[in-house]
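Pasting the structures in now, so scroll down.
Both complexes shown next keep chain A, but they swap its partner, so chain B is in the first and chain C is in the second.
Here is the complex of A and B:
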């Protein structure tokens, strides 16, 4: 750490004061949060969307268009991260770089001997952080975390949880599986083509669900199941599953790509 | 409370020399904003906004739903920023701002 000059500190203090002058009124403001939206949600939220969890009702019912764009942002971030890491000359795990993805998308020919994420076991010196304890614990915990993630995802309309939260738990489960994997034990979920196919299929399903309301007579972003069942939470459940899979595979993809990176 | 953390984050953002520390400080600021929003909708003693029974006081679900979005975007932002730093390190082989001025 190099020593900073006095001028540097004065500049820092001045910038901090300027930021405080701008941001203090925002934080000290005493106007209560407007209650109109809350009251509306308390009275009509459950009936309109079918979700008892009002947060789910907001982001998958009343504000679903925003959520659709947000998942698009997530996918763009995954593409950008992988693209930039590949361009930066980093050696990503096999199949996680752009060329592997291009190969995978064609779907033709033989797969390049199943690109999987494995850190060679016989070289423990270069991976001092990777111990047998880590392998055993994460390998055993991975499926349990995955099951819990699916629970959080599927019960998002009924209990605390939802697509984004469940997706984050699923992502940690996928990372656990990847970390705990040994040469002889493989999991489909840590292979790059499987991950991004799940992600693409989920997003396609999500877009289809938003459009399907048009054909079912309830309008764009409408609930296509409204005439089929009385249980209108089915729509929110399907959306939760889609978003959970997108978030889980997307974040898991980034994490595995970064963990397995070897600087050339 | 969130003000103090915000001050720490902004101070770190200004004074940190390492780009990765700057990203960490940005995350701290982001979390401050999330904390501020959640606490603005919070009502002491109220239940989570899950209407299992009628006539119970619940906290405001609107800021919670807003911040759910912010958290996911924060993850995207962090991963992209770190990828940018990796790219920068490959070009200049440094992540220190003071050394980046020389390029």
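Here is the complex of A and C:
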């Protein structure tokens, strides 16, 4: 017992020491912050990218190549999570496991028949007026959260927000829809084939958008709409929509696959 | 205001670490995310606040509660 507490103290001391080693230089540093990039952004950011929200101008304009890699990392994370869960023997909801991804659904009429994900519904015990709180609240709140997510995603070039932020909110909305799903009400957005098809199509569109600048004469990662309209924020809007759909469906897919595990 | 929020975040984080009932720990973590989102908003970073609220208070809580439902609620350590 004594060695146990001693080890605990040593671990705590090591953690504090590591935190100090990381944080102290930040407080003690005397070098002024680099100002050249900041000043450039302040003067030319809006004109170059068309985005009034300068955060969007940076991650979809000046640093778009990084963003492309980040979305790829997200897709790899989704594939890795599902693959590891399946290999480890977890029972995933139908359609969310690797076999479901391999086969998909063959016909359009087949989709509504396959039950993808249902929280085991607790039957109200003898009291008919008792409602299932989680089901009702999330079911009603889900569409509202989705609308807010789309707003954040679509106005990313203008107000705080953008693809990643809006995508996270959309994922919350999808999870809410899945949690509030009742027997008679179904939503296409909580089905595995719909989710991963949207994600794949969005990434394809994203890659096409990066290459299309070559054919429009503005270069790789360039704005292909620059010659078409004056509104150069159109490119950033399209990229925001692609990234928002990738993030939203990807995170929603993982959450539904993990939370919706059938409990035997 | 920021100091009050930071102290609350610290208290709730320590509680989340020490809580024997894991569900209480998860609710404390969710509250930490919410307070962080409020703090980011006050520090003029609204987009970070949106992400923190959606991911921290929404998605991680859902995933953790799903994990608890499939394992067990008490910490045995």
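In this text, the second predicted complex is superposed on the first by the 218 of 264 C-alpha atoms of A that agree within 3 Å, B and C clash if a C-alpha of one lies under 4 Å from a C-alpha of the other, contacts with A are read in each partner's own complex, and residues count from 1 in each chain.
Rule of thumb we're sticking to: a residue touches a chain if its C-beta (ideal position, glycine included) is under 8 Å from a C-beta of that chain, and two chains touch if they have at least 3 such contacts.
If you're wondering where the values come from, they're calculated on a predicted model, not measured in any experiment.
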| item | value |
| --- | --- |
| Touching partner for A:152 - first (chain B), second (chain C), both, neither | second |
| Which superposed partner A:85 touches (first chain B, second chain C, both, neither) | first |
| Partner chain in contact with A:160 - chain B first, chain C second, else both or neither | both |
| Chain B versus chain C as contact partner of A:245, first or second or both or neither | neither |
| Partner chain in contact with A:169 - chain B first, chain C second, else both or neither | second |
| First (chain B), second (chain C), both or neither touched by A:258 | both |
| Which superposed partner A:55 touches (first chain B, second chain C, both, neither) | both |
| Contacts of A:195 with chain B and chain C, given as first, second, both or neither | neither |
| Chain B versus chain C as contact partner of A:237, first or second or both or neither | neither |
| Overlapping contact positions on chain A, where the chain C interface meets the chain B interface | 53, 55, 160, 162, 164-165, 251, 258 |
| Complex contact set, residues of chain A against chain B | 1-2, 4, 12, 15-16, 19-20, 23-24, 27-28, 33, 35, 37-38, 41-42, 45-46, 52-55, 57-59, 63, 66-67, 70, 73-74, 76-78, 80-81, 84-85, 87-90, 158-160, 162, 164-165, 247, 251, 254, 258 |
| Residues on chain C engaged by chain A in the complex (per definition of touch) | 45-47, 50-51, 54-55, 58-59, 62-63, 65-67, 69-70 |
| In the complex, chain B residues that touch chain A | 2-3, 6-7, 10-11, 14-15, 17, 36, 40-41, 48-52, 58, 60-65, 68-69, 71-73, 75-77, 79-80, 82-84, 86-87, 89-90, 98 |
| Chain A to chain C touching residues, read off their complex | 53, 55, 149, 152, 160-162, 164-165, 168-169, 171-172, 175, 179, 251, 255, 258-261, 263 |
